[in-house]
Amino acid sequence: MHKVALIGAGRIGRIHARNIARHPRLALAAVVDPVEEAAHALATEWQSRVATLDGVLADPDVAGVVIASSTDTHLDYSVRAAAAGKAVFCEKPIDQDLARARTAADALSGARLLLAFNRRFDPNFQALKARLDGGEVGSLESLQITSNDPGPPPPAYVAVSGGLFKDMAIHDFDMARWLLGEEPVAVFAVGSCLVDPEIGRLGDVDTARTLLRTASGRLCVISNSRRSGFGYDQRIEAYASAGMLRADNVTETTVQAWTEAGAAADRFQNFFLDRYAEAYRREMDHFADMLDGSCSASVGYADGVAALALAEAAAQSLRSGQVVAP
Amino acid sequence: MHKVALIGAGRIGRIHARNIARHPRLALAAVVDPVEEAAHALATEWQSRVATLDGVLADPDVAGVVIASSTDTHLDYSVRAAAAGKAVFCEKPIDQDLARARTAADALSGARLLLAFNRRFDPNFQALKARLDGGEVGSLESLQITSNDPGPPPPAYVAVSGGLFKDMAIHDFDMARWLLGEEPVAVFAVGSCLVDPEIGRLGDVDTARTLLRTASGRLCVISNSRRSGFGYDQRIEAYASAGMLRADNVTETTVQAWTEAGAAADRFQNFFLDRYAEAYRREMDHFADMLDGSCSASVGYADGVAALALAEAAAQSLRSGQVVAP
Amino acid sequence: MHKVALIGAGRIGRIHARNIARHPRLALAAVVDPVEEAAHALATEWQSRVATLDGVLADPDVAGVVIASSTDTHLDYSVRAAAAGKAVFCEKPIDQDLARARTAADALSGARLLLAFNRRFDPNFQALKARLDGGEVGSLESLQITSNDPGPPPPAYVAVSGGLFKDMAIHDFDMARWLLGEEPVAVFAVGSCLVDPEIGRLGDVDTARTLLRTASGRLCVISNSRRSGFGYDQRIEAYASAGMLRADNVTETTVQAWTEAGAAADRFQNFFLDRYAEAYRREMDHFADMLDGSCSASVGYADGVAALALAEAAAQSLRSGQVVAP
Amino acid sequence: MHKVALIGAGRIGRIHARNIARHPRLALAAVVDPVEEAAHALATEWQSRVATLDGVLADPDVAGVVIASSTDTHLDYSVRAAAAGKAVFCEKPIDQDLARARTAADALSGARLLLAFNRRFDPNFQALKARLDGGEVGSLESLQITSNDPGPPPPAYVAVSGGLFKDMAIHDFDMARWLLGEEPVAVFAVGSCLVDPEIGRLGDVDTARTLLRTASGRLCVISNSRRSGFGYDQRIEAYASAGMLRADNVTETTVQAWTEAGAAADRFQNFFLDRYAEAYRREMDHFADMLDGSCSASVGYADGVAALALAEAAAQSLRSGQVVAP
């Protein structure tokens, strides 16, 4: 059993706590959070204990650290944990600022750091990638990534989020890189504020389309909205020379109702906690494999920086109306 | 151009009139109906003329006769038209009475008679049969035929219809024979009156399940209801040794609505006039081929009798609670 | 934590062991199996211990017993465990012999006994039932239960299985009772040996259709095959006065391939261990609720007997060609 | 019966000839084509006659002219036919050159001219638009138009086609305008040559993505490829404030095959002649309505110019890498 400390007892931290505690090869050694009440409640729920970050990093029994604290701490905590010799599981994004993120290159490029882009661990997207890589439909030519939230976050969240590209589309930039098999060399983005005027007043957009182009000419469209009107919408279409692979949304059940109006499928899974529940388990399983020493991180610091670079390029393109090289 | 006379200017007659008149190799020579007004209106619509049955049968220019008059005339008119040397297109059923239908064996067994089981000409069912016969999923083992109407007919219709098995399921018995590739040797039926109590008072059922078994053991279930609750429901599943082929319902368009409730397909095509519009065209095209002399009827008198025998067996099983050999 | 002993370390026992061990309110107190090696391996895997049935029943710390041993022991062990004051989780069927099963009525009718018809706990079927009971599509009129295995069991298994109706369709009889909301009063079955001639030589069938009818006239068709040709096939259609609810098969992922041949969905989940993994977890969760005292068994001894009665009626109908009252 | 002359006896001319000849209110008065053999064959097939353009325009009995000749003649013939007082049905595009097309504004702005953007008459897209306009899913925010051909045209065709945007995407620009309900004010396009290097040598692309933005901020992505790898691919997704409407591809039949590989739908309809057969009939029906005087053209010269302006803007954006105002 590898002892793992959790930094951050918020919404995503609670997901990781459960997956650590229930994992056959991991134990939740400690919970760290500046809000003592939250740390205490979560530690109690999983028969763990409350600790400080310093305490955890100094504890030779702690093999790994899961960083699920606020975004502005991701980079610093990762560097400190890596320096302390811990394996690091860090939530996305690596940082909101590309220049700052790049300053950690020496510290983190060689670190045992899993950057938790959870969608890479979704069974549907994993199957799509495996079949694409297996050549089932020939050579990839273009991607359509559709990623819409069920509803917009509160303005207070938007104000500190870093904007739609760094906060929401960052996942899609990572998926694009993962699936394209080549780095995008040109980024163009267009956006509007159609959902919530308050988002516009904060200088952000809530509806966007981003075009990516790789050196060999592969194209990718990323479609984002802060509110789909029909729930959480997470789909990928990969167009290749001999066909297309697509991963569709997940319904809550397979039950359909047939009425005079036609055949209606069940609603889509509500939001990321449901849709990506298995992805969260699988990424923690991958972290356990890293702690076993049986593999290195399949997605790490460099991927976090590269996705952030695309997000900054998209934001810049949106402002300038120009194509931007990331 | 083959001159064709139409007997019967009712709902189904009007369908056939249009398909004859628009057919590149057929001409609508005359319309016959005891209701002169109906005959006249239909003849006028398609630039044809009104005639009598005797006149039509005596007219050497008339090559074919389409019998779409009331069921009790089907057998007599077919015999007379065949005796007059005409090619015959006769609506289903051949008759409501099996014993009487069989009396026409000498007259009709060798006749050029197309018994118009329209579903054999539906593109979906034809494709299913072609793929099944092509061995794509191995050897057929069992069938599920689902055939539900959108709503019950008026009691006055039910009273003279011959009952659910002869009136409605007769199509399904024909489909079963067509697809099973073997004659059913055992029939068992169960039924209820769940839709309209008036149907029960008339001694009929409105909901039924019929089991067929062939000599080699192939099984078939026919599911019927006079009212589906969701429109016209016409589906077939063919289970075979290496998979299953199914023909599903047809939606009006491919448009889906995605809302908070999930993904909803468009409504199903309303009723037989819509769902089988192409089948009606194709069966008339087959009749034109018969008139060309390029083929004989793919479904004829013997098929009409065999389907009727199954319907009578089912009705008898329903009454007796016993398995019946048709 | 409720201490639970597991009787039977075979395939299904291993599923239950995992679900007990990982359950937040249950602990795997002991594993009992005449094959010591199997008991030992399973106990070791979940940090439990090996015990005897007598030892378990005498242990006041053991609150519940999960009976996953061979079918011929179900009834006896249930009676003994109930007599010892334990809550009982017993695998289906309650017994292969209806008369014998009924002898336990005094002992088990009032017992805290969960008869583990797992499909009642499947999320898809539960949702279908909840929506049906909620009146979304009006009043139920008929059911289509499709239940096909991916491939036939070995002849040695068939020989002691009790036959297709008691071994395989027993699940479907329970589903029919659960969903029909009324007891079937008439049973008719037809069957064939189309998959494996060896099954026929053993006096069994491998392909069957069973018709059920309730007192109010509701109809149910159960379709069974020991080999579907396309994997595990578990579907339900519930026809009601204002529409139809259907639960479809579950695919492994949502990935589709679009090629010149059309759009192809992913394969169906392989067999019951995959398809009903969540159902097994939910039924164990229900057992935990029973141990908490927060509910009584939602499906128990009487349901086991009733399903068995339908299975015997179906087998008798198959032999006699007559309708049988269960 | 309105007498209609057909100019052009090529592939699309033959479609229109059939739809005119079979239309209850139209008659095919004459066929005009510089290739006499083609004109003669088509006239013979539909019992019409061969004529010259001058003859047709001078004939007072000819009420309407269908222009299906080569693209470079569309504008000139339209002007001449309008001047002769004929109702005009003109194939798309109105011209390959925007400036030249605009020179006909005086002659054609007020003309009875139907510009035959066939997709506006497709039943699926018409239903989508009607439901969108009906407010079923709230207010439109963005569009995804997917339009891929099954395979690339021969290089000789590409060389004179005007390029992907004017030749192929012109349909999609029209659909975008039709559905967006607002004129695009910004166009950005990116493209690659991934399908056939010969297309690249001719200075064209075979894979493109075009972004449109309207004044109110509505967004539209148009996805084009000269070869999809899975057949003709014509889909629309319309994202609105309360949900999404989508029109999917059309399969040849409803037959599915269920095998060990999963459930496979039938192939998609092959290419535009099949997929848009009903659209071609409906647009001719609309032309008949115009000839009746019961309506004016629902899509005309101004729409042809506007779509062409978007195509030129896209081509310019592709070359410059800049956003272009059409």
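The letters A, B, C and D name the chains in turn, as written, and every chain counts its residues from 1.
We adopt the following convention: a residue touches a chain if its C-beta (ideal position, glycine included) is under 8 Å from a C-beta of that chain, and two chains touch if they have at least 3 such contacts.
If you want to know which protein each chain is, UniProt gives these names: A, B, C, D = Inositol 2-dehydrogenase.
From a predicted model like this one, the values you see are computed outputs, not experimental measurements.
> Find the chain most remote from chain B (Inositol 2-dehydrogenase), comparing centres computed as mean CA coordinates.
When every chain centre is compared against chain B (Inositol 2-dehydrogenase), the largest gap points to A.
> Across the interfaces A-B and B-C, which one involves more C-beta pairs in contact?
B-C
> Could you tell me the distance, in whole angstrom, between the mean C-alpha positions of chain B (Inositol 2-dehydrogenase) and chain C (Inositol 2-dehydrogenase)?
One centre to the other, that is 42 Å.
> Could you grab the centroid distance between chain A (Inositol 2-dehydrogenase) and chain B (Inositol 2-dehydrogenase)? Build each centroid from C-alpha atoms only and quote it in angstrom.
Once rounded, the distance between the two centres reads 57 Å.
> Residues of chain D (Inositol 2-dehydrogenase) that contact two or more other chains, please.
137, 229-230, 242-244, 258-260, 266
> Sort the chain contact graph into one of these: line, ring, star, complete or other.
Its topology is that of a complete graph.
> Hey, which residues of chain C (Inositol 2-dehydrogenase) end up touching chain D (Inositol 2-dehydrogenase) in the complex?
Those in contact with chain D (Inositol 2-dehydrogenase) are residues 229-231, 251, 258-268.
> Per the contact definition, I'd like the list of chain C (Inositol 2-dehydrogenase) residues that touch chain B (Inositol 2-dehydrogenase) in the complex.
It comes out as residues 137-138, 141-142, 144, 146, 148, 186, 188, 190-195, 207-209, 211, 213, 217-219, 221, 223, 225, 227-230, 239-244, 321-323.
> For the complex, which residues does chain B (Inositol 2-dehydrogenase) have touching chain D (Inositol 2-dehydrogenase)?
Against chain D (Inositol 2-dehydrogenase), the touching part of chain B (Inositol 2-dehydrogenase) is residues 22, 123-124, 127-128, 131, 136-137, 242-250, 252-260, 266.
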